[in-house]
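See below for the structure under consideration.
We just call them A, B and C in the order they show up, numbering each chain from 1.
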């Protein structure tokens, strides 16, 4: 019991600490690739600290949803984060839910964010909400299918069990082809869900293109800080999921201090590598037109479906 | 084997020389000399094969048995006829300024490469090398088809290149599968595609893999043969290419592609029930035959008319080979020969008519008999042969095919399972009668369509101002010779050809 | 063939799957030059696969095939295609007969079909991998589909090259390479075919002022 509580605390701390770092790292990589020096990797921490000290302003037309949303989004994303193994394969909230709960915890956050965007009554908020709804509704099925494909090959819907099994395995993964399809699908979904470049551009406030930023436009002060932090957390959750399910190398499978130490180090290296990769992608590709996003998420859906069917056809 | 080397070196050398020589007389001379050497070597090889059985040479790369020698014979004969015809045809194109004299070099180079590729495809022991050579024929001919560089010919050439390349690629997958199946049986992997190594162990190859391989190979090379439904490039290419090239395409290339199918089929038949490959061949044969017969009746362009007639006759040959038995196989092979001779002659005539009338519309061509008596004769005779009327040789081969069909019927198709096609099983007696009736209806359709159109062109009065004479050229020599062959083969098949055909039949008939 | 490590076969499997993945990217990609880049990437994966197979089976002539693939398909052919594209007045986005999501669905179906066809013959082989033959067939079918689904001459060519990659994967992963003569011949043919098609595209561009193959309708019944 004590151990479980300790793990919960540790994982919460790790997630909260690493998410601004990942955001900063992506920005840094982009800046360097564009031949700029860029802000320090630690800049997002400073931003958050600054925002928490500012007084939030609320529009008179908003209802309770607007003020509740930041807490709900932050809470649900953090809970989702506790369901994903980070530095140890035994998640602290193992008992509380499986991979499906993870998906819907994230969806809950998205739902409230969409409501909040509408709640302000501003044009941009509504526009952002409707776009986010399109993206989310296309990304969700692909994500579920990809996750099922992984769950089937490992015979469990519990992320912790999946990672634990894979980590103890010889070779790379159990089944390369379905895994690769699911990985590709999940990666595309991750880009879409975290508002990264081919789908959304987090660096711009250009009214014609923004999705996520449009919904946050009316937020300020600590509310904004919470939402920014939640966005970072979501990125961290997705990266942890991808890193640990497909490459569980180095993750701690036992509860010893040395294994934990190695696990933590491996975790930081893996997520940082993924973040750098995302930064490179953001530089290489242009943002897609909104109506082309369906093509991209269509690819994700088909790939996930194939991963699933590979399992049934090949292994039946 | 010097003769084998001559077969390879003659076209290669001629191709090389064609690039450096600039006098058109020399170019034709080289061409005729190389074709002459080819035919001579062919005769020597026929003699050797008939006397002492199959020949292997060049470290097992070359394998010549009666079947491949028979195909070589067709290449040599039609090639020589084309070379004579080209003499007058190409010179006139240069004289009229349709092509620059320098383009003649390009033309002859590609032509020789085309011949070389076909010779290699026929002689190759390895099914893989054969594939490479057949793909090379596609590459060599695509510019020959688009030789006039008009929009239409570019379109035809592009269609040909893309469709045939794709088809051929599918055939390569079949070859890969064949190799895959042989790997488990043969110890020496490097020989795993050689016919000489595959045949002795063919009955131990895995039937599932072979079935799949044969389907891919049939579809792939079938594109090249022009079997329906992979035929859509064929009428376009035959309309747009220069006449001697079309004569080679229709007379030889189709036969070589069909030969490639037969080679694999012999291997497949060892391990898989005969009905599988035979049934598929007959199925495609019937599809081609009936589709082409229909299109022949609605054609108003005489080159396309002959193109569809090609599809029809390859269909007939495939039916014969598919139905099998001594009669059907012999008839099918013999039909390949007759069709090659008749079709090259038909395209020589078509080329002559096009040069005089400057149109491909049947309705605008009248009175060829007055304007070009020799050509009219060639047109009539090839038309009669292609309609399979006696006393021309195609009559006897077609009767053999029909007789085989009537006595044996199409082998029952057992396609279900592997390919998931529906099995069609009719009662034996009924299906045979029905098939023969369908065949006869198709034959009558194409007979009527072809002869009606051709007689319309031959008789009547030529348009005003048309010159009413035909100067004798070297191009008329092959017409005379081909006519004699087509008539002669009905009554008297020369013993070497007869023996080649019989041996080739027994190679295909393994059971 | 010999006792191969499961890690090795997993790696080959992974590389084949990567090839299939790039196929889907090509089908979803509307920009012509990006299609060419993706083809080069796919060929690079093919080189890795071939080299892996060569290393694992000890068949040294596959190294040669891998090297040739690298030179011809990763370097020469993409460059030729880029040159051809530069000359064309192609719009940024390609027109397709089938829209992207439908195309992807069809390709998914084709993959299923390929696995269905290859399923009965997979257990026969002492194969390095379970999936490579089926994936090779799937790539062949997707290449075929790309050629049918696109109007544009160069993208039809890319489809053909993808198809060819599938064939090469099949020959390498399923049969550890064909005999050397055949292998060299195939390379030669592919190279020449691409060059010829490039020349054709230029001539089509000159004659029709477009390389949209839907405009090739002069010849019909």
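The definition used in the following text is that a contact is a pair of C-beta atoms (placed from the backbone, for glycine too) under 8 Å apart; a residue touches a chain by one contact, two chains touch by 3 or more.
Values in this document were obtained by computation on a predicted structure and should not be read as measured data.
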By number of contacting C-beta pairs, the most connected chains are B-C
Just to be sure I understand: the centre of a chain is the mean of its C-alpha atoms, right? Then which chain's centre is nearest the mean of all of them? C
Centre distance in Å when subunit A and subunit C are each reduced to the mean of their C-alpha atoms: 34
Using mean C-alpha positions as chain centres, tell me how far subunit A is from subunit B in Å, no decimals. 63
Where subunit B touches two or more other chains at once, by residue number: none
The answer for subunit A against subunit C in the complex is residues 170-173, 176-177, 180-181, 184, 294-296, 298-299, 301-303, 305-306, 309-310, 313-314
Given the complex, residues on subunit B that touch subunit C span 61, 126, 128-129, 131-133, 135-136, 138-139, 142-143, 146, 149-152, 154-159, 161-162, 165-166, 169-170, 172-173, 175-177, 179-181, 183-184, 189-193, 206, 208-209, 212, 235-236, 239-240, 295, 298, 304, 418
So in the complex, which bits of subunit C are touching subunit B? 117, 120-121, 124-126, 133, 136-137, 140, 144, 147, 153, 156, 160, 163-164, 167, 170-171, 174-176, 178-182, 185-186, 188-189, 192-193, 196-197, 200, 203-204, 207-208, 213, 216, 218-219, 221
Using the touch rule from the top, collect the residues of subunit C that touch subunit A in their complex. 6-7, 10-11, 13-14, 16-18, 20-21, 24-25, 28, 30, 100-101, 104-105, 107-108, 111-112, 115-116, 119, 130-131, 135
